[in-house]
Amino acid sequence: MSSIFGQNLKISVFGESHGPAIGVVLDGLPSGILLDFEKISHEMGRRKPNTGAYSTKRKEADEVEILSGVYQGRTTGTPLCAMIRNEDAHSMDYSELERLMRPGHADFTGHVRYKGFNDIRGGGHFSARLTAPIVFAGAVAKHILDQQDIVIGSHIDTIYDIKDVSFNKAEITPQQLNSLREMDIPVIDASCRTAYLETIEEARKRGDSVGGIVETAIVGLPVGLGSPLFNNLEARLSSMLFSIPAVKGVEFGEGFSITTLFGSEANDSFYTHNERVLTRTNHNGGINGGIANGMPIVMRVALKPTPSISTEQETVDIKALENATLKIRGRHDACIVPRAVPVIEAACAIALCDMLIGQFGLDTFCEGDQE
Amino acid sequence: MSSIFGQNLKISVFGESHGPAIGVVLDGLPSGILLDFEKISHEMGRRKPNTGAYSTKRKEADEVEILSGVYQGRTTGTPLCAMIRNEDAHSMDYSELERLMRPGHADFTGHVRYKGFNDIRGGGHFSARLTAPIVFAGAVAKHILDQQDIVIGSHIDTIYDIKDVSFNKAEITPQQLNSLREMDIPVIDASCRTAYLETIEEARKRGDSVGGIVETAIVGLPVGLGSPLFNNLEARLSSMLFSIPAVKGVEFGEGFSITTLFGSEANDSFYTHNERVLTRTNHNGGINGGIANGMPIVMRVALKPTPSISTEQETVDIKALENATLKIRGRHDACIVPRAVPVIEAACAIALCDMLIGQFGLDTFCEGDQE
Amino acid sequence: MSSIFGQNLKISVFGESHGPAIGVVLDGLPSGILLDFEKISHEMGRRKPNTGAYSTKRKEADEVEILSGVYQGRTTGTPLCAMIRNEDAHSMDYSELERLMRPGHADFTGHVRYKGFNDIRGGGHFSARLTAPIVFAGAVAKHILDQQDIVIGSHIDTIYDIKDVSFNKAEITPQQLNSLREMDIPVIDASCRTAYLETIEEARKRGDSVGGIVETAIVGLPVGLGSPLFNNLEARLSSMLFSIPAVKGVEFGEGFSITTLFGSEANDSFYTHNERVLTRTNHNGGINGGIANGMPIVMRVALKPTPSISTEQETVDIKALENATLKIRGRHDACIVPRAVPVIEAACAIALCDMLIGQFGLDTFCEGDQE
Amino acid sequence: MSSIFGQNLKISVFGESHGPAIGVVLDGLPSGILLDFEKISHEMGRRKPNTGAYSTKRKEADEVEILSGVYQGRTTGTPLCAMIRNEDAHSMDYSELERLMRPGHADFTGHVRYKGFNDIRGGGHFSARLTAPIVFAGAVAKHILDQQDIVIGSHIDTIYDIKDVSFNKAEITPQQLNSLREMDIPVIDASCRTAYLETIEEARKRGDSVGGIVETAIVGLPVGLGSPLFNNLEARLSSMLFSIPAVKGVEFGEGFSITTLFGSEANDSFYTHNERVLTRTNHNGGINGGIANGMPIVMRVALKPTPSISTEQETVDIKALENATLKIRGRHDACIVPRAVPVIEAACAIALCDMLIGQFGLDTFCEGDQE
């Protein structure tokens, strides 16, 4: 019931799309982490609207100002606050949006939840713009994971009716994930890139939008990370993933398709290799009983088509409490899936850092010795 | 990272499959709730292994003893502890299971997580038997929801390759959900019952197992329940659902299929009816921006085939760290989906009570006025 | 283990004394609260170093910029971030302070806790300057309490060996507390003001410092606020109060002196008056079993003399690990007790709002109806 | 607002004085801890009412049954539930106590808090009997601390007007603390024992009661344990200590008396000794800025005279809402201070284990390697 996530590494996200600023406080970071601002910029850049056909025309400088928690380039261990000013917000007339609830958006539910006092401009605190501070926090978390040789990467599995090939779940490498992180439209089958862009462009032309599926993998997690029952690895990751706007489904390993297998097929047989315990298949996505088993964690996340479309829609006038029609003006993405990829990875990185620090202690992650 | 869930109504689950007892503490209950032990028994009975073909032969009395928190039949408001003795545990030889890790189970991850000190008999704290106290807690939570005219119900959407018809998401009634709660194999299309049982029986005969999908709906939730970002309605529900053993996927509304719709199709248009705001379709499953919009909440949960199968499997001997084969003896379900239905509903009920109490205050739910 | 406090209304404090900015995120505020910036300024002003003899010479503009969570003058209900730039920080040479640990300060413990990576300039995140965002958050919380006719006020009970008269615990009025809030040196016996200032001035002249005791009262709390055992009213208040730098003792009602009474004296007899239940004495400070009984809450808080003194002190050089002497230069208060008064009240207000929202629900405190 | 305490090691306490059982769940324990039941019995015995003059005549078997979380004598790492049956509860007539609120007790506040549904027999969940499971949990926590050479010990500083000598704060040894733990009436000046018992006996004869002060010390804590601001060492300890019934004051180091010192006196000078940093005095009680500095932690806790006295008292009849008189019958302690000593130590041990696990990770405390 709040915009704070985490038990050991906590993040507190604040801001509205058209208010003075958005940002995040990271509380519980290890000290001595040398921040790599190039890496952070790269991650922020992946989320940023760009000149591609599929993306909003809003220019976001997304220049992060660090207000606290960093001294001489390293984390102090005390709360790190990062702020991004909202600069390119149009001072348009919002009186219509105060009355006409955009279908598929949180306008109506936000209105009721906050008794009409929420800032509706650009979606306020519900805006996808709030994923920018999450990506920042995720970039810091990814850096901590990198130090432990834990790598997160993703490809766009599906856009509307076009599908990339899937990860070979038992054989994902850090190299593969890192190279996906460098692509603007990360795909395994390179031919999908064009097909995805064409599908998005077609939707855009019609004033419509499309969604898709992101498949994300994590390699290098220590065996034993997690717990039975509540707050297990799947529970924590899904909790973060469903916090991302537009996510409507999350599955691990074979996910929903595992129901088409018999137990004898779904079970991943163990074997030993170089004194390590591995599984031959990875239908369970690297997780048994809510705990990492050392195989790649694989998950798929479904993102709905962005509800901001320019065709006329039926809705209600919340002040008059009567039916009405709405035509949404202004810039918006025809598909947010490519921009969602770094957000999904950031969400995973934050949840993992939180769990790792909780289980192994803060000192394990302090870079003090490397000074 | 713990067996405690909740922020306002907290549940603390304890016990191992073959230890002295399992149980749950409910902390933060409203006072004055008149417990309906018949209802509780009914819910416990739904989860209980029975004489049906699909279920384990273990007889569980599952007789709940309430140790605290109830006085003169009503909740006191102080912690309610319910305990279930483990009575029918075989005192078999577990030395093999200490060495041979059952594929698909948490034996290996539990071994690493707890450095070999966990109680491996029957899966210990990872055992599906731990869902019994969750169902108890859920029965109490359901009772509180009932008082607010909030009803949860489910049908078995899929077993292996057999599929029931789906909920008509925009038109689910409390009556429909209540009647599903009375069926041993809850289905919408009655003919599925036999087909499901046959599919399970076939798997059982082959010493194999099958999984399936449960579709659950909630009607009557107050508009505005939830929050943006973290700990929103989808995040909280999924966090609880992924805490249930065997769950590998969770989706809301159209879920993964929503990616096959255009934005113009996926958006649920608003309209007014009797001074209320409704949506014509319900592809978003009653949730916009993480907050209930007043339409039925609809979710689907994928359960993998139970990993306990009697055919021989490849695995490792964890003590010798070498490859081995394993043949699991003893009783086990060929399909846990029917027994998972009340667990899924309990998980939802607990998460919802926690959120409702947090947002609307404890006093709203105290039945003090009825004294 | 973090700079986040609260369960329902959460505050996340960030910043270092000499970093770019300090601030606070308030998460979980009711929506629709009309902020009274004059009141907020008044509270900030009470904490601000001033021209008085007892106070540091550092000029703090303490101009709060609200970055989020306020729209058209009212809280949106989404996170409110308030930021204060650090402007008057001297860019002096801190190399000595990196080595020489100031006695009585957190220099040494902070050095170990953060492996030498903490920002030591001006005490960093340990600086009393961090109480400014707490006072801001407290001003917002006080405003919410005001709406419920809950009033907090304090007087300086003791400075070194000078003592004010105590509250008459059973007969404290909102008027008395409000008038104390208007005084720069709040006292019941007006003659104490001069005596206090003289005592402080004497210490200052000698390059030394003095501490004192603040007695704080709260009237108007609803009977029944709190819980048995953990997180009760005394536990929550003390937890916040011990978070204030320099606090070394907290007591409720008669506190330590209650041990000089017999049970027959310490028990506060109940009686009825105008259909309400009151107590004739108030030795228990308005709290029985961790729950408010409707009488004024009375507590006393001991503040040690500020450790920043200008006389030479023995200490260690942490880099060389050898004994050394230190003479602290620069501005500092000879007594922080007067400036601590609004901080103590803010701490109480925040803890109470958190508890009230948790017990009575967010909607009780939303000012939506007044729109 | 709950009977659950802790962030990493969580304890969930349940039960009412006259219900079926009381108990505690410890969630988040390290695995592999070999429980020493003799030590646990010793701690439970210290809290138990005995044949001494000062104590209630209720015979408590306090036989702990461990329901989960222990396998082959060692902690499994999964939740440990310990239950104590209530056996010697008189089935007396409680109708008077339902109406007449005992002064100084939680009868009235509990009645309002729980809308009259709480179990009032023997104080229900507010009963000091609930400290038995806390002492059990504390015994487990103490064992974990012992493995790290962290020792907690206490003496009774004051009973009514009799005072023991104080700890020499800078020179407390593990030996001194361990030997205090063996005494029934732990004192530094042996002559106090008789004086204390006489004072208590005098009060008892008059049907009255007396309170006192316990001084507790902790040696061996790692330097750097704690955090600035919220949830610091003093905040966490005080939060637990104020959860103990009858506690009305908590102070660290010189506590309230530190206000009688000048800064130049209150500051504890650092010096080096054998490559360690120590302080010459210990007025700050081993804590600077909320973090352990390596010196003994010293705190004092004020306990009010037990409100259960046999002399007639004024009170109200809560049902009739009119004034009344009350004469409490039955057994009760004339002084609970001696029995509170192990409870205070348990509270400290639990809070410290929680903080240590949070900061240093669960694995640090697992005894896996010692198998």
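Labels for the chains are A, B, C and D, by order of writing; each one numbers its residues from 1.
Just so we're on the same page, a contact is a pair of C-beta atoms (placed from the backbone, for glycine too) under 8 Å apart; a residue touches a chain by one contact, two chains touch by 3 or more.
In this text, all values refer to a predicted model and were calculated from it rather than measured experimentally.
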item	value
Counterpart interface for B-C, drawn from B-D, C-D or A-D and sharing over half of its contact pairs	A-D
Of A-B and A-C, pair with higher C-beta contact tally	A-B
Chain whose mean Cα position lies farthest from chain C	B
Separation of mean Cα positions, chain C and chain A [Å, integer]	38
Approximate Å spacing (C-alpha centroids) for the pair chain A, chain B	27
Where chain B touches two or more other chains, by residue	1-4, 7-8, 13, 78, 113, 125, 228, 358-359
Touching residues (chain side chain A, partner chain B) in the complex	1-5, 7, 13, 101, 103-110, 112-113, 125-126, 130, 158-161, 203, 208-213, 223-224, 226-232, 234-236, 238-240, 242-243, 245, 247-256, 258-264, 266-272, 275, 277, 279-280, 283-285, 287-293, 300, 302-309, 311, 313-316, 318, 321-323, 355, 358-359
Chain A to chain D touching residues, read off their complex	7-8, 78, 228, 358-364
In the complex, chain B residues that touch chain D	1-4, 8, 10, 12-16, 19-23, 25, 27-28, 31-32, 65-71, 74-81, 83, 113-119, 124-125, 366, 368, 371
